[in-house]
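Chain lettering (A, B, C, D and E) follows the sequence in which the chains are written, and residue indices restart at 1 in each chain.
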Amino acid sequence: MELLGIFRDVESAAGAVERLVREGFTEAQITSLTSSPYPDGVLVKTDQRSWFRWFTLACGFAGAGAGFLLAAGTAWLYPVRTGDKPIIAFYPTGIVTYELTMLFFLVGTIVGMFLEMRLPPRGKRLYAPEISEGCIGIGITIHAGGEAVACGEGLKPGECVGGIAVLPADEQKRRAEEIMKEAGALRMVTEATL
Amino acid sequence: MEKMTSPYRWGMVVDLDRCTGCGACVVACQAENNVGICGKREIAEGRDMHWLRIERFWVGEYPNVRVRFLPVLCQHCHDAPCEPVCPVYASYHNPEGLNGQVYNRCVGTRYCGNNCPYAVRVFNFYSHEWPKPLDNQLSPDITVRPRGVMEKCTFCIQRIRRAREDAEGEGRKIRDGEVQPACAQTCPTEALVFGNLADPRSRAARLSRSPRGFRLLEHLGTHPSITYLKGGGREHV
Amino acid sequence: MKRRTFLQLGTMTAAASWLSGCRSANEKLIPYLTPPDEGVTPGMAVYYASSCRFCPAGCGILVRVSEGRAKKIEGNPAHPLNRGKLCARGQAVVQELYHPDRVTQPLKRSGPRGSGQFTRISWEEGLALLTEQLGKLQRERATDRLALVTPPLRGTLAELAAGFMRSFGSPRHLSYELLGPDWLRTAARRSFGQPSLPYYDIAETRYLLSFGADFVEYHLSPVQYGFAFGRMRQGRDTVRGHFTYVGGRMSLTAASADRWMAARPGSEGMLALGIARLILAESLFDAGSLTANGLRADDLLRRLEAYDLDRVAHLSGLRQDVIAEVAREFATTRPALAMAGEPVAFQTNGPDAVRAVQLLNVLVGNLNRPGGIYPDAGETTGPEDSFAELLSLVDRMLGDRISVVMVHGDPVHAVPPATGFQEALARVPFIASFSSLLDDTALQADLVLPDHAALESWGDVIPLAGTREPVIGLMQPVVTPLYDTRQFPEVLMATARGLGGTMAAAFPYQSYLEMLKSSIKKRVGPAGGGDFEVVWVDLLRQGGLFKANNGQGKSLRWAAGATLPDPGEPRFAGDEKQFPLHLQVYPSTAFLDGRGAPLPWLQQLPDPMTTVVWDSWVELNPETAVWLGISFGDLVEVTSPQGSLRLPAVIYPGIRPDTVAIPLGQGHHGGGRYAKGRGANPLALVALMGINREPQPAWNATMVRVTRISEKGELVTAGNPQGSYRSELIEI
Amino acid sequence: MKLSWLIGALAVVAVALFVVLAWMYILPMDLRDRSPVQPIAFSHKVHAGTNGIQCLFCHSSASKSPVASIPAVAECRACHLFIAPDAPEIKKLMGYWDRKEPIPWVRVYSLPDFVYFPHMMHVRAGLGCARCHGVVATMDRITRSVKLKMGWCLDCHRKHKASIDCWTCHI
Amino acid sequence: MSEISDQTGRTIPTGPTSSTTKSATQLNDELLSSLRTPTWKWYGLALFLGAVVAWGLAAFSYQMYTDMSVTGLDRPVMWGVYIVNFVFWIGLSHSGTMVSAILRLCQANWRRPILRAAETMTVFTVAVGGLFPLIHLGRNWVFFYLIPYPNQRGLWPNFRSALLWDATAIFTYIIGSSLFLYLGMLPDLAVARDRASGWRLKLYTVLAMGWRGTAREWVVFQKASTLMAALIIPVAVSVHSIVAWDFAVTVIPGWHSTIFPPYFVIGAIHSGVAAVITLMIIIRKAFHLEEYLTPLHFDNMGKLQLVIALLWSYAYFVEVQTTWYAHEPIEWEVYGFMAHKYTFILLLMLVGNAILPIICLCFKRLRRSIPVMLVITLLINVGMFIERFLIIVPSLSHKNMPFVWGTYRPTWVEISVTAGAFAGFALMYTLFAKTFPMVATTDVREYETQKRLVPVGRTRLPSLAGKE
């Protein structure tokens, strides 16, 4: 279950986040929807680590292989008899390998980025067009109620559930809505539109 | 040339002391190889199709003026600048040391033509026509090149091929002098000598070792298959 | 959708790859109706031996024929003259066969002369027209009103033509060719007592001194002499023959020389005598030779006193030390050989200048020696003064004493208008031409009876010169005739039959082939033995009759009582003030006197010296050009007392500043699409010399002036004019 | 909804790409009739199959010339003067002979003119005719059984260690 | 107008424009103004450009239908205006992406309004440039021989050829720069999506890929942007190095030169930066972005241009003086021929590329004058076109064999195709500008947010300093 509050400005949105956290929602449950980026911590704190660059690197290796195969492999598999001259050319293979490595790096970056962002999404999600006009959306993911409070050392923020999680989901939602309204939310979005 | 995979390495010797510049080779080449007939306009535009040309240079001033003739045809370089630049292998090196050109593969980038320091590659800017019945003269052994491809001297590969077929049929190698390109065949002064350079006893190989020998634009490191023998002219008997 | 439509609509890519590959889908495969001859394998070329009759040299050729089409002409290695080599012109002859503008059947003129309007007629009609004209002359008992104009003929064709004219009763057979070696024969007769042409053993000589003998381009037997020249240069292990060329213009031959002596036009003979005098004075001569030729050194020296170095240097415009050096080199290098050629001969002092050069050969003793000069073993017969015959024919034509002219060849283009030939020909009521192209002469003709192309013809070709053994080359048709044409001799025979009576009786042969065979049979003699048919096939296969050396009997010797050559100072047409420049007219390397102009390969062949293509030009020394304000490619007007021409200028460093030169060969009004309207014919400028005295074919004795017209010469050269001076960039 | 659009579009692109690639793979196209109707219903099945006439008997220059050659009309006639002279197709043949016309056979196997294919070298190498021409002895009307594509030639040349120098076949 | 320095030492203006902050909607309105319904002027322009493109296409079709003889090419000069165009366009493409990437990496804030214009330019100039090698083929219809793909011929292209390196590099570059453009545009597409309707909505919805702007998305996005920027720079350098290798790896006097790759790259950036400035001026005018593209931007770009002009002059000097010093006959012949035959355009090039920009761009007043900048940048590109011409044509005209020297003069066909290319680029640009946000809205707004000043002690500091 998700909930999205729309705020006019950063200050009120940040206030809402603060209150939500105080209420017992974890940072991992809260996200901000903005049309221009804010440094981490201005609104919410998120996990700054990302893995897509490993994916990029893997793609780069694949690209190097592809480039080498394209330049050297085809020449070797489909040789043109070139009068006692070497079939595979050294420098050109390097150049083609380089270019294809870069190509795969670039494509890998974009693909990896989208994979990590999980875009495009599989279903519809909460959104409000005002966000593009400078409004700030504060989204909160509400877990099914009754789960144990567990936010220990060995857990990643995503796995950690705040103290409020023991309450039933509806109750969580009500409270969150209330907090956001208090903080100055213009409206609440509960229906997935995007 | 690390290892020889062919018993032949074709080459030519051009004796500039014998060459009189008469032009017989030029016509022989054109006749043998279906080279297009270029009108005045085409040549005025610099689109002459001759595969073999005789360059004429004036040296000195009247009355001590001299003329140098230099027959220039494809040098069949062993490190040919035209070969690596062709993106489609239309220009390639043949196991017999020839610099090949495959017309139907050519896409017409003209890169080889630019990179040939000898400017012996000619491009079919026009689709050449042979008004009937002049087309009867076209040799069936060679493709009539379409427009948009590069063409050049092949050392009359069709003759070499036929000689090889004959020799293979008889289970022997091609004999020295058995095959000659049209230009060497017709040269009245025998200034052009063609032969197998891999056979050190062939006439061409012997002549190519002459102390008079030099290669055209040798400093470029193209290692041509054609050896020029210095022309006389200034020295006396 | 039909398949075919689909093919037409095919994508661009596919369509284009078809274009470059095969043009249509499922083309037809046409087999023979009957199996081809023995020895002919489909898909494999066959070589037929024949002979080239394009120029008088008469080389042996092999024609590659594939699927019934002549593909390429190569030299016949078995032929003693050219040994498998061939010149540019000879190889282009295949284009004469396949020329797109050939006359495909007899034509009758339907418009005014020169308009090119003709009606196609059948051979029956054509022959009937000719026979009717000739019959009329016979009936009117005016058989001498028939004239036959041909180039000099040799062999069976000469017999046939002579027989035809003799039996018809007309002595007016003119065998004229602009470049005919009449004067060489004349000179030989005056010096050696026999009119034979010389055979120069260039291959074995060590010092070659050529006075305008352009043996690389056209002189006597270019392929044979070219071959010999190669031998002379690099064919021997230790000796490299030296070559000095004397002439006002650096010809293609001169370009191969080690030394070029730009002697003033007309002074060559005097220069030769100057050299002779120096050799005599310094006792460098071959005493044995002088004795053998009945000459005495002191006597000679005394009589050549006038040609002292000072005067000769002044006359020729050369430096004394150079002349002396050449003289000493020539005399001290044995064997040494002196030759004389057309630019020397076509002067008012031509024959004597040629004799002066031959005297040099006598002095250094190289008559009948290896590396020297021999009498040619070929036929000695030939016109010695065809020019006089030409002028007399012109006279008769102008006097309306000629009613029918039969012309083979293209004299309208190749005879200088100064002789009045063209004008006179126009007065002749009936002209029959045998040209296979509508050349300048055929355009004037009333009737065109097209000859076969050379590769469709039978014939024998006797080389003009250049052998020590008599040689008869044979021509055989290598392809079936393309069109409804007939060979010239066949037409003559058919006409004779048509005229009946004694004429028909003069030719008892069914065909020219039969006559040719009987004539060859006579020449083979009993030596051939056995069945002549077998011998004949052998001869055809070989390319001709190449006899073993039996020309040893003949030799050259200074004739007793022969006068000493006395060239005297040359005379020139045109006032020197008004016309300050000498005009030299020379046969183009590609076209000769113009017969090569219809062939596109030759048009496209860059002139070796100027690299000009598809055009004619005038050559000017750079100095002269600066003086006249002319630059490369400008359109200039060349004016002589005879006329004027406009053509582009070529700056030519290898010509005397007081001389300009124009190549022959272009300026056709007809001759097919490739020759028509291209360039200019310099013969229009040439003046006739010696009108009051004995007229002379002194084609190089005209003076001209040159003026600049505009910069639009539309000159096209294969080589870059600036780059042609930059040989240092390629280090040659 | 938009995801399905995306997937649909991608699928279309993929299919188009595949078609284009497949088309490009086989370029240049050969759309000539594989089994054209001939002017005379000559049956190789009868001649080569039933009667067992050797290929080289009729296509005699295949062993000595680049082209295999088709027998001249006179050669066909020579046999058929005695064999089945009354059959309607033979009558047609005789008709050609009487009119002195060659028979306009339709080409089945043809290579573009930039390809040089010497029959004699292949016959000399002991390659059976059927290798390229199919089992002609079973065909009434000749059908082209192979595509005559460059890759196909190259494969065979590689397999048999024949020259794969470009100039072996092209010029 | 006062200025203060931010943390990274760059100056940021604190003029009147920045003190009053606009609302996001206002910003969006202004920055996305290009997406509004076109006016008749726009249609007129598009129609005109379309007509020129059609004319160019017609000229090309004519060339394909007849043969290459309709060009001015001949035996020694086998490459002409088409290849000049190729090098020119690929060169232009450089600054777009590269300038944008470098500035992004340096976090130069003034980059923000011009990013999109520059990146778009890259994509379209590469697209146009990449066409020229195909246009110039003698047999365009067998272009597929150049593509490495499995085929029935059993034959692959020759990777020894610099043209194949070109092909791979350009392919990489066009894909890379398109992705780079797309990546930068992703948040803007979301903004556009939220304000669009009809077909635009559908288009932007698909292209925005469901972007919502969550904090996590922004984190990944910014990392990806940085990584892309870092990766695209070596590609850009390699592309023009390879274009230079087309010439440098040959044996042609005047081409065979080791300085070529850096020289080409510098030249490319030179023309590219100039083109970016030209485009900035045009966009500024066309979309009324005077507030976002301030003289400051031109000042900064002018400084960049000045540095590159100096670099270019240095590279040119190095190239000429080494040739002059060695005085190799044929090389010197080529120079002599060029200076003699093409004196006027050579001088024009030197003035346009070096003298004029170096002199003018030293002065702040001139750098900030938009008409002056327009003239200078246009002249630079004229100069760079000439420079490419003077590299390609004279070298080929006077190659090693003096006997076959020649000349070259483009024909109407080549000129038409060139005109078509320019119009094609402009047309694509125009269409793109009407379809996609032409100014990096998000980036500008991010900066607007960052530069909001808050009072600290006696001064005012940006509310949000740049990250890191």
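In this section, a contact is a pair of C-beta atoms (placed from the backbone, for glycine too) under 8 Å apart; a residue touches a chain by one contact, two chains touch by 3 or more.
Predicted, not measured: the structure shown is a model, and the values here were computed from it.
Can you name the chains that touch chain B as well as chain E?
Expected: A, C, D.
Count the touching C-beta pairs: is B-D or D-E ahead?
Counting C-beta pairs in contact for B-D and D-E gives the edge to B-D.
Can you figure out the chain closest to the middle, judged by Cα centres?
Centre-most chain by C-alpha means: B.
Counting only Cα atoms for the centres, state how far chain A is from chain E in Å.
Centres of chain A and chain E (C-alpha means) sit 32 Å apart.
Between chain A and chain D, tell me the centre distance in angstrom, where each centre is the average of that chain's C-alpha atoms.
62
Could you put a whole-Å number on the gap between the CA centroids of chain C and chain E?
66
Using mean CA coordinates as chain centres, what's the gap between chain C and chain D in Å?
Between these chains, centre-to-centre, one finds 52 Å.
Using the touch definition from the top, which residues of chain A touch two or more other chains?
80-81, 89, 120
Going by the contact rule already set, what residues in chain E reach two or more other chains?
Only 139, 142, 144, 154-155, 158, 160-161, 164, 400-404, 406 qualify.
Mind pulling the residue numbers of chain C that touch at least two other chains?
13, 17, 20-21, 719, 724-727, 730
Let me know each pair of chains that touch one another.
Result for touching pairs of chains: A-B, A-D, A-E, B-C, B-D, B-E, C-D, C-E, D-E.
Note which residues of chain D are touching chain C in the complex, please.
27-29, 31-33, 36, 61, 64-67, 69-75, 97, 100-108, 110, 112-114
Under the touch definition given earlier, write down the residues of chain C that touch chain D in their complex.
For this pair, the touching residues of chain C are 3, 6-7, 10, 13-14, 17-18, 20-22, 25-36, 41-44.
Show me the residue ranges of chain E that touch chain A in the complex, using the header's touch definition.
So the residues of chain E in touch with chain A come to 23-25, 27-28, 148, 154-156, 158-161, 164-165, 168-169, 171-172, 175-176, 179-180, 182-183, 187, 190-191, 193-195, 209-224, 227-228, 231-232, 234-235, 238, 242, 442-443, 445-446, 449, 464, 467.
Residue numbers of chain A touching chain D in their complex, please.
79-81, 120, 122
So in the complex, which bits of chain E are touching chain C?
Residue positions touching the partner: 139, 141-142, 144, 329-330, 333, 398, 400-406.
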